[in-house]
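Dropping the structures in below, format is structure tokens.
There are two complexes below, and they share chain A, which is joined by chain B in the first and by chain C in the second.
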Partner chain A sequence: MNRSDPIYNTIALVILTIIFVLFWNFTTGTSDVEGRIASNEVVMDSLSIIYEHFYRMIPIFFTVVLFSLAITFFLEEWIPQQSWQYRIIERIIAILASIPSLVYGILGAYLLVIQSDRISYLTLIVTVVLLVVPVIIQSTQMAIQGVDIPVREAAYALGANRWRVIADHVLPNAFPVILGGIFIAISRVLAIAALIIVVYEWKITQLQSMISFGISKSVVILLSSALISSIFSSFLHKNSDYRTN
Partner chain B sequence: METNNFSIETENLSLWYGDFQALIDVSVNIPEGKITGLIGPSGCGKTTLLRCFNRVNERYGNVTTKGQIKILGKNIYDEDVSLLELRKTVGMVFQRPNPLPISVYDNILFGLRIHSPFRSLTRTQSDEIVEDALTSVFLWEDLKDKLKTRATSLQLEQQQKLCIARLLPLKPTIILMDEPCSALDAKGTLAVEELMGVLSGTYTFLIVTHNMAQAKRISDECIYMFLGELIEHRETQALFENPEHPKTADYVQMRYG
Partner chain C sequence: MMQPKINSPTLHINDLNVWYGKNQILKDLTFDVLAKQVTAFIGPSNSGKTTLVRCFNRLNDLTTNFKHTGKILFKGNDLYSTKMNATKIAKQIGMVFQKPIPFRKSIYENVAYSARLHGINHSVELNETVEDSLRKAQLWEEVCNDLQSTPDILSNGQQQRLCIARALAGNPEVLIFDEPCEQLDAAETPKLEAIVQSLKSQYTLIFVTNKRRQAARVSDVAGFLYCGELVEFGQTEQIFTNPQDKRTEDYVTGRLG
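Coming up: the complex of A and B.
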């Protein structure tokens, strides 16, 4: 991989986007969102709420991504594929991933936030885990299964152990696809956050303010996240290794 | 060291994939420093037998093995056998060329890096090793300016030769080949066969092939297998010209298969 690879461009793009978003938040955002939610105060800026919690979500997101990668590698490389444990876990994950993300969002918003009247770390963690883990596991599974069996066999036949094969071959080859899955998960979280803000405002304020603030901004977020993730995936696809041979 | 001139000896080797018995009581002695061909119809256990010798089979799970395989006089199913050492001694070349998707240079050093302590190879040492390995498979002239290119972008023939070259720095004694020429054209096949001829004194080759002509051309001894059983094991010429067993005769004289 050299410096002119598209992957560096995409990483730079991500960093720029984050900086832009943070800057925007500093200039336009308002503080003490929780207090205002608790006191049912009107005029909630959806963007400011999302990005208020964006800071909190970054470490959670990292941990959750690592966690789901670990699960996937355990599932794919350690558990025998014919065993009933593997089939059960795979089925559960498939079901979790196929549930519309709105369901998780509403679960997070209503059961956890409105019931307890505040946005806590626990809420964020539970929602993000439910939203992100199945999606990342599924895409990572695809990526790992996409690594050519001959490549693994070659490495094993040369005497490499399992860690070595994973670190040297499976991970680097599967990485672009794994990264794509992570971006999809990010966009899923952002999109559902935007939707939830709309629903949330509706609950607290009138429909009027929802139309004026919520929908327009959440649509912008939705579209932009879809756009960004499609750009990413097109770059990553170009960059992936599977097309040689 | 006094050896009994057999690189591989198996005794009553049986192998099951789940309930299916793929090998039935195979006892065979593979001579040292020669090319032994394994022939037989598809699904007769040639590849399975080959894969037993460096225990790549075990990765599939639900494989049961009974009997003994002795490589250089040591049973490889003993508790104290290290898979790493075994796979260092017994190299394997696969049906489709499978260079690792890294540079040519790293491909050749990959095996050695696994088996030597971290960062113990100096730059000059590794350069020499790469040059030696590529020279012995006649690739050095073609590839000396392309050491940093990705190995998967080479021609198929070069890839397959590279797969052989990759084994050489580990100094294996046995090289297993699972239809090494089936993905190559006539010219590539010829090149690989020539290479095997040159290397055969130093290494013991065991080659699975579906190509009768190839088995005839390159192997010193031939093994005919049928439905998991070893039917006949003789010198190639004898096996092809006057086979003892009627099943062998049917196969080698192309009455079927």
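Coming up: the complex of A and C.
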């Protein structure tokens, strides 16, 4: 076994994270009993909702991750990088990924939960897709572009076809970074789910009046500023030396 | 020096022009590569040597805005016709790169990888192929005890020989060496040249180098490329002792490049 292989390091990291999460209560327990009881009333309810929907989210999440990996490999390996299709798709993904997750959360809560007055499976799917796909695509793109071009060429020169090159060389080399992107996406979904559920715990009508009054304006401002900044940054990215090949 | 053998050309290049975008890299090349010989291409850097040999196994297809005119016939078949499959061509025409590129697998798996690509899956047969190719690359004695460790333990020259063994495990007909000694030290270079000499009887070898004396030592036939033009192509002895072109003479004697 090769100890320097990043895959083993990643697996070790995952196991450590799981252990840490399992012993979370043990490590963060406080002696302030009264304060805990007081705060737990709100937190426990929202946590139970998170857990309930987390189990629902697992199959959706797996499908979405596979879907976005497929999109990325198609984008990076099949579409020529100088073509206008590639540039447009890449720009759209950059813009979607740079929008704060709070915007997606509030839009999801407002348009899909409050308007239809229930949390449906479709709500989860749409919100998770919007939150997860651009982030995973961006990190996977970085990972694939990070694989040495000579390694690919050596494999092609031996007579490997495109599928073999991807399966034997690109994916194993890019795997740790791809996994990191998936974890970032998970944390993004969980963070915004917690926030939205805490908000949802309040009276829906209150939220509705808030949204119709002030938040819609702030959402528009947020969205437009995110758009402008991401378009600006994508032009900067285009002019930088980052992508030479 | 050997007398020229009478045999049919393995590669026949006719009127080859290559462009990257608007830059013309190769201009009107016409020559034959004969079987069971070492054909060397010499020339200063940026003269198109690497581009030329990358046309033979169609690695240039990976480069965007690559375009070409003219024909490259491999045993009578046009390499760039729509019927030909780039993967199958790469299996018949192997390549060793300038920099040693071992895969992140064990030494055994590195060599077995290309054997597996050629449909050898039975373990006994696989072991034989690996040993045979490592012996041909004169690496077997040095690594036979740690086949399962990664190529990190090998020196640069040993890694390059591992890459040769990997290319040989695929049993190609033509083997291209693209400046293989560029990153090797003085002790490793003669070993690699000895390998080239020993492989000559079984394979058609194409050797790209920018070291004039190395080409003189290794090759039977040599071509001098300068700024994309094939200035002179002929027997090595003749190129180095009695060049017909002024530029070849300048390059061989060290006044150019």
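The working rule: the second predicted complex is superposed on the first by the 157 of 245 C-alpha atoms of A that agree within 3 Å, B and C clash if a C-alpha of one lies under 4 Å from a C-alpha of the other, contacts with A are read in each partner's own complex, and residues count from 1 in each chain.
Criterion: contacts are C-beta pairs under 8 Å (C-beta built on N, C-alpha and C of every residue); 3 or more make two chains touch, one makes a residue touch a chain.
Small disclaimer: the values here were computed from a predicted structure and weren't measured.
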Chain A as common anchor, with chain B and chain C clashing or fitting: clash
Which of chain B and chain C A:E153 touches, first, second, both or neither: both
First (chain B), second (chain C), both or neither touched by A:Q85: neither
Touching partner for A:Q145 - first (chain B), second (chain C), both, neither: neither
Partner chain(s) touched by A:T17 [first = chain B, second = chain C, both, neither]: neither
Chain B and chain C contact sites that coincide on chain A, given as residue numbers: 80-82, 148, 150-151, 153-161, 164, 168-169, 172-173
Chain A to chain C touching residues, read off their complex: 2, 4-5, 80-82, 148, 150-161, 164, 168-169, 172-173
Residue ranges of chain B in contact with chain A within the complex: 54, 56, 59, 61-62, 83-88, 91-92, 94, 96, 98-101, 110-111, 114-115, 150, 152-153, 163, 166-167, 170
Interface residues, chain A side, partner chain B - complex: 80-82, 148, 150-151, 153-161, 164, 168-169, 172-173, 241, 244-245
For the chain C and chain A complex, residues of the former touching the latter: 57, 59, 62, 64-65, 86-88, 90-91, 94-95, 97, 99, 101, 103-104, 113-114, 117-118, 150, 152, 163, 166-167, 170
